[in-house]
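Paired with subunit B in one complex and with subunit C in the other, subunit A is shared by the two complexes that follow.
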Partner chain A sequence: MGVKPLTPRIRRRRLNSDSKWGLLMVTPYIIHFIVFVLGSLLASLYFSFSHYDILNAPQWAGLANYKKLFQEPVFWKAMWNTVYFTILFVPLQTVLALILATALNQRLRGLKFFRLAHFVPVISSWTVILYVSDAIFNPRFGMANSFLLKIGLEPQKWLQDERLVIPLLVMIAVWKGIGYIMVIFLAGLQNVPSDVYEAAEIDGAGVFRKFMHITVPLISGTTFLVLILSTISTFQAFEQIYVMTGGALDASSAGGPNKSSLVLMIFLYQEGFTFLRMGYASAIAWVLFVILFILTALQVTLQKKWVHYE
Partner chain B sequence: MKLNRFRKSVGYAVIIFSSLIMILPFLTTLFNSLKTYAQYTAFPPKWIPRPIQWSNYLEVWKLGAFEQYTINSVIVTVLSVCGALISCSMVAFAFARLRFPFKNTLFMIVLGTMMIPPVVLIIPQFVIFKSLYMLDTLTPLWIIEWLAQPFGIFLMRQAFLMIPKDYEESAKLDGCNPFQIYWKIFLPMCKPTFATLAVFTFMTKWNEILSPAIFLTSKENFTLPIGILSMAGQWSGNEQYMVAAALMSLIPILLVFLFAEKYFVQGTNSSGIK
Partner chain C sequence: MKSQHKKWGALLLAITLLSALLISGCSTKGKGGGDVELKLGFYSSAQSDEKMQELIAKFQEKHPNIKIKTESSPYNQFFQKLDTQIAAESAPDVWLSDGVLVPKYAERGVLKDLTEWIQRDLKAGDYYGLEFNKDAAGKYWGVPQGIQIAVLYYNKDMFDEAQIEYPTDAWSWDDLKTAAEKLTKDTNGKYAVDPAFDKNKISQYGLTFFSITEGWMTVLKSYGGGVLNETLEQSIIDSPENKAALDWIVDGMQRELLPTPSDLKSFQSNMAPFPSKAAAMRIGIYARTIDANAAGLNYDVTLLPKGPEGKRFSPVIANSWVINKKAEGAVGEAAWEWVKFWATEDEVQKEWASLGEAVPVKKSVANSEQFLSGSPANKQAFLDSFEFAGTLDVNAVWSEWVGKFNDSINRAFEGEISVEQAMKQADQEVQKVLDEFYKK
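Presenting the complex of A and B:
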């Protein structure tokens, strides 16, 4: 028997022990991935091609769910509502948050207080926000109607008005989320070297030109990220609409008057968990998934056109 | 110089105006929670409550349901925070410091799954918890946090990568195994990142509505955000109690924010950075 060299054996032993510990320590994520991601994705895909009411085993149905979905006017209405919400919300919040962050970035005093003020809505649950916005937009005794009457305008039904509900929900969502986006922008702005501004100032650039020609291009990486993240999360918006249009009391009523604020997630929730049409709801989920995938891919492609990295 | 001062005043004007828009509705709500029903529903509304009805806050506790919802929320939040801290840091340590088969593939998977919208996973999750007889219990709300969510893994891994190699090498010479190195050396060195993850998990779980709305059916199991809404029937004609209840549910998270503002901001930025 030949004597094996000592070092490789020791190294192999250590590697094995490392591997053993490594695999042991990532076990929680492996379980997570197998059960709650991979398994769930496959199951969801399978459900979307079957009739499934939770109580009985799923029945293979081919494309039936998808066919029904695309012929359903409510689905198209939910789709439009979702798109409408996103189109109003994402640009509005991004622009306003950027303006606020720019204002805050001038080494103002009281930064901590301002940040706190803008974070109170961020850390509030939608239930809290419901009562806060009710103080203003209650159709019977809210501040907003009192104000409208004072300046000689008609009182409004606000969230119960088919035309107003989405713009109003968007406004409230911007109000709630702006502090969060503002802080992300603030971090981006603090990475912009100040000598760029100084150079521009020597060249005689005004506030507006500096903003448009320096700030906006130099933080376009952050802007891009904010746009992607908020588009994706807005497409999956559920909590606000569920809470503010009465879903918590009666899930079938969520979505506002005449389904005017019924977004895809509320539609999915009602079909799946109120009517127990799990297969159908899974089909909605996959349509949403495909849309989100396309959106992300589109944004990544467009990114190359307008994001300037240093 | 002059221009600079002008710019600063514009900055202050913008930010003070915006802060007022943020705070005034909350102040109005606070005043609403201290009104009698007659004052609460008066039109045109009076801003300042008269008389100041402090008892509204006591009434909220009298039904007992609010107390139950608070307990449920505390259980879910505390168990979630513990779970996220333990599981994410452990997995992150392995990714940052150990060599094991399929490590890179697995880490790509972690990053990839961050992009999967939760929507597609909800229904199978419901089916899984149903087959485990966990529906209508608090378990689904926190147990998932014990399985290392990608955001937490990513956050903790970044922190562990910053620690110099010397520490673990000397520990190895002293005969520590990887778990001991993780537990005794890396964990104590990463307290700020821990705080960030804890604060973020706390906020998410304390405010969460979708999962409780899906997994819970009995009122006594509700957490605060949906529990308060479910009390509407019991309090019709006394809606000012609901306002008081909602504001009370805000207190814990507000306190966490006041004490850990720095970590909120860190978490916000790292979730923006990917």
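Presenting the complex of A and C:
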């Protein structure tokens, strides 16, 4: 009974402070972050300096994993494949999504249908996309080869061809991802005030000039966000390549023919989970982190040069 | 007053969320006094899961003091989870391991050495394949649950259509190729022996195989070659025997008598060509009878062909029960009871065999009418194959060296590099994997 008056007073003091309330409300997230994110991050940093096969305790190995990694030709191949994928994917998807968003920002008939149609692949799983793309690019039964044969060209191996596999995967990824980026651009486009266009029209600007001199600069903030998002997502690309190059059937074949579609995330997965070299895989993860950090920092620095905020 | 209520409500919500978070992190284990709780893990399909539960119920009738807690999931998920469970010390006490994964766990010190128990309780002569889990030092790490062994499958209708004799156990690989030529057909209905045959438009392959188990290993070994030496720590890939065997395969693939690995990608699965009637023959393990029967094929099986010196080889995978090293005392004993129950009881063996997934481990059951009847007619071929059966050079880094071997050899299969080049490359890559694990 004696404690009773004390508790409400303390509580009342806390209740009166908004910032403390805020802290309390985010506590679950902070605990989650410390336990499941920060903890794992530090653990993986430690593992990256050790030999760790998951089944037995890790043994300190110093820089051995990193040394091995940088001397491993497969690592450099995976690095190149990832960069190649990003170089093709990010500009292609950004430009196409912007054009598409501009087109779908007009007053058209059946606008909702078109917006929806471009969003369907976004919400489909990669397994579904696999079946769709298999109907086209299956070397034996696919439409692409029957078309080539019909016009008198040689059939191709498509995803089994070392030179074609990454461009094809990029094409499919653009098709799947474009709806999402388009929606982000649409939101950006709708924030462009229409009086600016009207003014330009009075000055006699055509469609192309309006697009290049009004739309592009005024949505540069959105473009910047899109670039960062897509770069990060391509460096983390895993599921698509894993599913499409047969990883679900046989983990070792996920890298495609002659490792031509082995990207960093698949390399990491194979080393860590298939071959039980978790220390080595952690080193790959940290290298990947450093690369992404530098790339993002670079983009943030460069944005001052070209991003306009109102 | 009203806003006060709101704040209290919010505080309550925050506390609930917090405690939910904390509670979900830890669960309590209930243990009855005197009774033993055994955690049993297995990979399964919907069909086999039901049968397994029946057998577990029978076991519990006989051992009321052992309480079984099962943990099962489909193959891939099961083994993905297992590694992390072992790391977190929450792995099952006894689990079903794919035969090729037993050394992975044994050599990393995760499994209990079963040598003494096996010698005490099991009569070696009563079983097929106890020795398939024996390591180079003579220690046993598991007891087979069911056995996969390979034979030659052939589609009788396709042989009849081509008007050629069914395969016999006297066949050599060259006999097989001669037959395959007469069985490989293009979309115009022309066979490979016909000059008008178009190898770009195959509708039916003479033979199909893939990867190691149902593919190249049996050819390599029957030609006198192989991948690893007896200690399983040294590559023997670069040999004239392997060259001859690989030449045989590459020649067949280049003439499209059998599909290359990239041809196989056109099918929904590597296993599809035979049951979907796109191949007249296949190298297949026992489990493949399920697909073939389900597809209603008119087929049979016979022994795999002989190599040039008359040598045969049938690859074996003995999927096995293994016991967690951490399962000590009463739990360990209970785990062994389960393994023993599985191996020794005729009824269990018969029930499990009825699924058609594996050859029974117990010889008396495998040789019974119950197993030998049904389709295919010549099931005896599976049992006869034990005479020249062997494992797939399985060691602790098996999946890794198989991956490296395939990387190189598949390029030769596709005609991108020569057999010699592929062998040299595979030899170096495989040796690198072996050295990294064994020469530490």
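Criterion: the second predicted complex is superposed on the first by the 283 of 310 C-alpha atoms of A that agree within 3 Å, B and C clash if a C-alpha of one lies under 4 Å from a C-alpha of the other, contacts with A are read in each partner's own complex, and residues count from 1 in each chain.
The rule is short, and it goes like this: a contact is a pair of C-beta atoms (placed from the backbone, for glycine too) under 8 Å apart; a residue touches a chain by one contact, two chains touch by 3 or more.
From a predicted model like this one, the values you see are computed outputs, not experimental measurements.
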Do subunit B and subunit C fit side by side on subunit A after the overlay, or clash?
clash
Based on the superposed arrangement, let me know which partner A:Pro167 touches: subunit B (first), subunit C (second), both, or neither?
neither
Touched partner set for A:Pro217, first subunit B, second subunit C, both or neither
neither
Have a look at where A:Met25 lands relative to subunit B and subunit C in the superposition and call it first, second, both or neither.
both
Contacts of A:Ser17 with subunit B and subunit C, given as first, second, both or neither
first
Now for A:Lys259: first (subunit B), second (subunit C), both, or neither, which partner does it touch?
second
Between subunit B (first) and subunit C (second), which, if any, makes contact with A:Asn56: first, second, both or neither?
second
If we overlay the two complexes on their shared chain A, which of subunit B and subunit C does A:Leu159 touch? Say first, second, both or neither.
second
Counting only touches as set out at the top, which of subunit B and subunit C does A:Thr274 meet: first, second, both, neither?
second
After fitting the two complexes on their shared chain A, where does subunit B collide with subunit C, if the options are 9-17, 117-125, 171-179 or 261-269?
171-179
Interface residues of subunit A shared between complexes with subunit B and subunit C
15, 21, 24-25, 28, 31-32, 35, 54, 140-141, 248-249, 251, 273
What residues of subunit A sit close enough to touch subunit C in their complex?
15, 21, 24-25, 27-28, 31-32, 35, 53-56, 138-141, 155, 157, 159-160, 246, 248-253, 257-259, 270, 273-276
Spell out the part of subunit B that touches subunit A in their complex, as residue ranges.
3, 7-8, 10-12, 14-15, 18-19, 21-23, 25-26, 28-29, 32, 40-45, 87, 90-91, 93-95, 98-101, 103, 106, 109-110, 113, 115-128, 130, 144, 146-149, 153, 177-179, 182, 203, 206-207, 209-210, 213-214, 224-226, 228-230, 232-233, 242-243, 246-247, 249-250, 253-254, 257-258, 261, 264-265, 268-269, 272-274
In the complex, subunit A residues that touch subunit B:
15, 17-26, 28-33, 35-37, 39-41, 43-44, 47, 54, 99-100, 102-104, 106, 108, 112-121, 123-128, 130-136, 140-143, 145-146, 149-150, 175, 179-180, 183-184, 187, 207, 222, 225-226, 229, 232, 235-236, 238-239, 242-243, 247-249, 251, 265, 268-269, 272-273, 278, 281-282, 285-286, 288-289, 292, 296
Using the touch definition up top, name the residues of subunit C that touch subunit A in the complex.
7, 10-11, 14, 17-18, 21, 25, 76, 80, 83-84, 86-87, 104-105, 108-110, 200, 211, 262-263, 265-267, 269-270, 397, 399-400, 402-403, 406-407, 410-411, 414, 416
